[in-house]
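After this come two complexes, each holding subunit A, first together with subunit B and then together with subunit C.
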Partner chain A sequence: MFDSDLVLSALRALTPILLAALGGALCERAGVFNIGLEGMMLMGCFTAVATSWFTGSPWLGVLAAALAAAAYSLILAVGAVTLKGDAVVLGVAMNLLAVGLTSFLLRTVFGVQGTFDDPDLLGLTEIAGFSPLTWLSWAAVGVAAVLLSRHAWGLRLRGVGEAPDAAATLGVSPTKYKYGAVLVSGVLCGLAGAQLALGNVTLFSENMTAGRGWIAVVAVMLGRALPLGVLLAALLFGLAEAAGFRLQGLGLPQQATDAAPYVVTLIALFLTTARRRRTTGASA
Partner chain B sequence: MAASPVSPVRVLRSPVFFSVAAAVVIGALFLIGTGADPVAAYRAVITGSLGSAGIGSTLTTGTSVLGMALALAIPLRAGLINLGGDGQLVLGGISAAAVGLYSPLPAPLTTVLAVLAAMAAGALYAALAALCDIRFGVPLLVSSLLLSYPASSLASYLVRYPLKEPGSSLPQTRRLPDGVELPAFGTSTVTVGLVLVALAAVAYHVVDSRTAVGYEMRMTGLNPRFSAYAGVARGPQTLRLMAVSGALAGLVGAVGVLSFPYRFLDGSLTAPGYTWTGLTAALLAAAAPLGTVLASFFFAVLQVGGLSMERTTEVPRELTQVLQAIVIVFLAARLRITWRPKKRRDAAEQLTTEKAEAA
Partner chain C sequence: MPRRSRSIQLAALAAGAALAMTGCNAAAKKDDSGGSAAKDAKAFTLVTPDPVGQNEFMKLAVSGVKAAAKAHGGGTPKVYQSSDTASQQQNLKAAVDSAPDVVVTVGFEFADAVAQQAEAHPKQQFLMVDACTTKTYQNVSCGVFREHEGVFLAGAEAGLLSKSGKVGAVDVLDTPQFRRYSDPFAAGAKHVAKKTSTATRFVGGQSPFDDSARAKEQAGSLISKGTDHVMAAAAAGNYGVFEAAKAKGAFAYGVDVNQCPAAPGTVVDNVVKRTDVAVEKGIGHILGGDAGKTVSYGLKEGGITLTGLEDGVASSKCVIARHEDVLKKIGELRDQIVAGKLKVDDPAAA
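Right after this comes the complex of A and B.
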């Protein structure tokens, strides 16, 4: 049952998670725990659909989604970095706010409840079999990997996350780098939302991210905030989801396959933390 | 937020008051933006939820909100966030339904057994999330959330196949036998569930303020390293708190099944978002027992009042969800999970700023 079709559908399913998780990884490296990925992504979904619908251009939709999600991410930047609030609580609140706000806007702007779906809504056209944002996400993995490990910006970003005082002593402003990381994660989550709402499907429905932002948070953890690690973690999730669909065709109930990606992720977390503990010899 | 004398100035300056006021103002801007009259809209929220027609509904909603708020407040008091409330709630609901349908005992005993089974199911599942944290090093925040999805899937499977009502087109169980239900007050929809949840709140208050367990819990919340140094075993404490949390979530599930519609309908327990409203209430109250009760009541008023606001002003009720989240956004910017005394925090911050400036 593992063939090229399965891999292709896994690759399509993982793009939103991969983009969001890359953003999460950058924040993690800068020392900001970002669990608001889900909410930023959902804001991206709605903005992408609304902009594409009113302008007739899915490309403007993608652009608007990136900008809107970046603006939304300022809540985390201001709250956690400037005001030193609790990032976990802020993230939870941002996710709730996004669900409420997009449902509210769905009803006031489009006058519908639940799902907005119209044949005239334009989605993204594929380039060489994949959405342009899928290509972009792979490029982003490469860029992030090089920046983080080879470039001075990446070094400073990591420095800010690991030892903010030392970074400040060397003239690197932790605030600037943290804001930068959070804003870039906003852009990436906006793109993730656009891919979800104009790429994977062409519609907006309430809470359509359905936990993908949380999976991205886990992917950051599983991939140890390394771009390539995050890619592998997202791939694992995508494969579990795609394999689930396949198994459903073989008669397994849908509920079992729905649960599969979460269980697989949890098991992967067990295995990696267990190995990390053995190799470091210390308890976390 | 301890039992110090409450002066008006302190109330006005408290982050809680500020956050709620900010949300009300922002909500008014939203209302004006959609062309509605904010005064009329807020009046509709109040009359719709506290008037004679709405108060029963507010108390019914309040039962579930308070139950979930307590479930999330108890671990939060020790600095732990349980994000798996939905899964524990649903497992509680499906267990109550299964016991209610198949127990051979007389109806009143079956009802009691169903409540206990729901609490046990929730407790065990939450304890599993705690074990992932303690034994396998998967942070509780993540383990509880990840476990929530399979639980919902499992309940969804059970109610679609083995427990499905024969002939029905809905994914629901059969109606519970006559008498297998929580007694209601008069003709209202308010059930004994409210009493059970209120008792839980009282118990939480007593444990929190008068016992060593409560002291250890608050101490861990304030400073986990100090509490570990003082000899509080973090693992068993996490396990106990999560079990209690899950038991309460399970209880809310049982209340949902053992009152109208007297069955388990897939998605009906999680759709109203009690878990998230409860978490919001617990956060707003900084997990303090009395505050949690007040915050839960406040959010129940918003949720029920939102419906009548929608009827009278045609403003979508989702606005209340927006307000709820805004309260927490403002609050979170002022608050940390580990509530350090304010003076020391300010001093520490000043020190770091000075250091940064010196550099």
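Right after this comes the complex of A and C.
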């Protein structure tokens, strides 16, 4: 069952999760707990499909998805940073609103319910075997890793997240950095949505993100909000999902293969916390 | 473009939202503005769970009510189109308030609401299509479908057309109700070509009805193993299955309505549910004094069919239109099932 098909399938599952999780990681570092990834991604899905359909250009669809999701992320930025609201409540609200809003728009803009699908809807063309957004997501991991660990912006962003008062006394505006992190996470989630709706498949259906945003939230935690850690965690989920399909082929019931990502999460959590406890124990 | 496959959602009945209905004590006030011309003209009201619009499934239900009205000398039937759970409840209540001879509902969404209204208004006759209340009521008649018979025929088509000798199905969940869309497909293929190997993948996951990306991957994993004909029974995921089949030059089968236009040249045929037949016959039973029963519709009653076996195949954009020899054999198989010579196993039979 371990063949090139499995790897390709896992990589296709990886891209949307990775893009969203990177956004979530940036927010985490800036001290904003972002669980609105799912909703932002869904907004991206719809905007990408609608824009590609009306302009005939999937590229404009990707651009519009990034902008729309960034605009949508302002709910979290204004609510959690400026108004000091609870980010968890806001995130849940954003996820619920996105499902309702996109279903409503689907009905008003396209006059259909459930799914919009048309043979004439243009999706993204692959570059060297992968969607351009897949390549972009890997580049984004590198950029985020370098920025966070080597660049002054990254240092300030982390400072804002860990000790906002200390950062403010040094002349760094926590508000500005937090807004920046949330908006960038919006852009990344918009790209994740565009990848899902114009890359993985070429259609929009209600609630099509189907929990990928939540998996991304878990990937942020599992990867400790480190870009490389997030990549590994997201890859783990991609592999678990792709392997799950194939386990069905070997006669495992669907209910059991459905559990694959969660079993993987538990094992990974167990292993990483065990290791961390050892290292903290040694340094103490 | 049809809404996500309705029959697939049927088994999600248990999850259907049951909003608190508070209007039970509202007396059924007789509405004189029924619009019926003749004095004893029969009045029928259809309540749909979704806007009718381009929804083929709902359009069929509307034409069923119209046909019934014509057959039984009724006035123009009223159609209340809902758009969400709240308007479904309101429309059903409004329909009951106007007290027509029969209130017709389509879909599992109405199961709980109809049960409540039927209890509060024992004199009002209800006809539920494609679903039924969990308890039986004297005034609620139901029309349900034997989907497995149609799926068996689709499987037979796949068996006859498959070049690789491998056919498969992408199903929503591994439950007996949903297996009606996958097990008979395999049985049908094996019936016409004994050596056919079959496989089924279930979408599963957090939202199995919406996840077209997952359905596409599942179909892709079947096709890369050599499967060249895939039954798509994955609700909204069907479009993902069609994409996977199209990309790799394989073929797919749709459900409920003619899904061939979604991927012309890829979709071979569809297992179609004739809601119009169930509505028209159901109303006939009620007016004939035979209310409170559940009637099942299959190939014999014309409630289940394939696009390929209906008129208008040529313009259906279905691949099967090019295979008249296959259609002839499928027609013979259907006749055998109708005559009771061939029995299709029902995975959902207890």
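Going forward, the second predicted complex is superposed on the first by the 278 of 284 C-alpha atoms of A that agree within 3 Å, B and C clash if a C-alpha of one lies under 4 Å from a C-alpha of the other, contacts with A are read in each partner's own complex, and residues count from 1 in each chain.
Convention: a contact is a pair of C-beta atoms (placed from the backbone, for glycine too) under 8 Å apart; a residue touches a chain by one contact, two chains touch by 3 or more.
Quantities reported herein were computed from a predicted structural model and do not represent experimental measurements.
Taken together in the superposed arrangement on subunit A, subunit B and subunit C clash.
Once the two complexes are laid over each other on the shared chain, residue contacts for A:Val88 go to subunit B alone; subunit C is not touched.
Contacts of A:Val217 after superposition on the shared chain: subunit B is touched, whereas subunit C is not.
Shared-chain residue A:Thr51: touches no atom of subunit B or subunit C. Looking at the superposed arrangement, the partner reaching more residues of subunit A, out of subunit B and subunit C, is B. Residue contacts after overlaying the shared chain place A:Thr134 against neither subunit B nor subunit C.
Once the two complexes are laid over each other on the shared chain, residue contacts for A:Thr273 go to subunit B alone; subunit C is not touched. Look at A:Pro253: by the touch rule set out above, it reaches both subunit B and subunit C. In the superposed pair of complexes, A:Thr169 makes contact with subunit B only, with no contact to subunit C. Of the two partner chains placed around the shared chain by superposition, subunit C is the only one that A:Leu196 touches, whereas subunit B remains out of contact. The superposed model puts subunit C in the path of subunit B at one of 206-214, 260-268, 278-286 or 332-340, which is 260-268.
Residues 107, 211, 214, 253, 255, 258 of subunit A lie at the contact with subunit B in one complex and at the contact with subunit C in the other. Residues of subunit A that touch subunit B in their complex: 35, 75, 78-79, 83-86, 88-90, 92-94, 96-97, 99-101, 103-104, 107-108, 165, 168-169, 171, 174, 211, 214, 217-218, 221, 253, 255-256, 258-259, 262-263, 265-266, 269-270, 273-274, 276-277, 283-284.
Listing the residues of subunit B that touch subunit A in their complex gives 30, 34, 81, 83, 132, 136-139, 141-143, 145-147, 149-150, 153-154, 156-157, 160-161, 276, 279-280, 283, 316, 318-322, 324-326, 328-329, 331-337, 349, 352, 355-356, 359.
Here subunit C touches subunit A in the complex through residues 1-4, 50-51, 53-55, 83, 173-174, 199-202, 204-207, 210-214, 216-218, 220-221, 224-225, 236, 239-240, 243, 262-264, going by the rule given at the top.
Listed in rising order, the residues of subunit A touching subunit C in the complex are 5, 9, 12-13, 107, 111-119, 196, 200-203, 205-208, 210-211, 214, 241-242, 244-246, 248-249, 253-255, 257-258.
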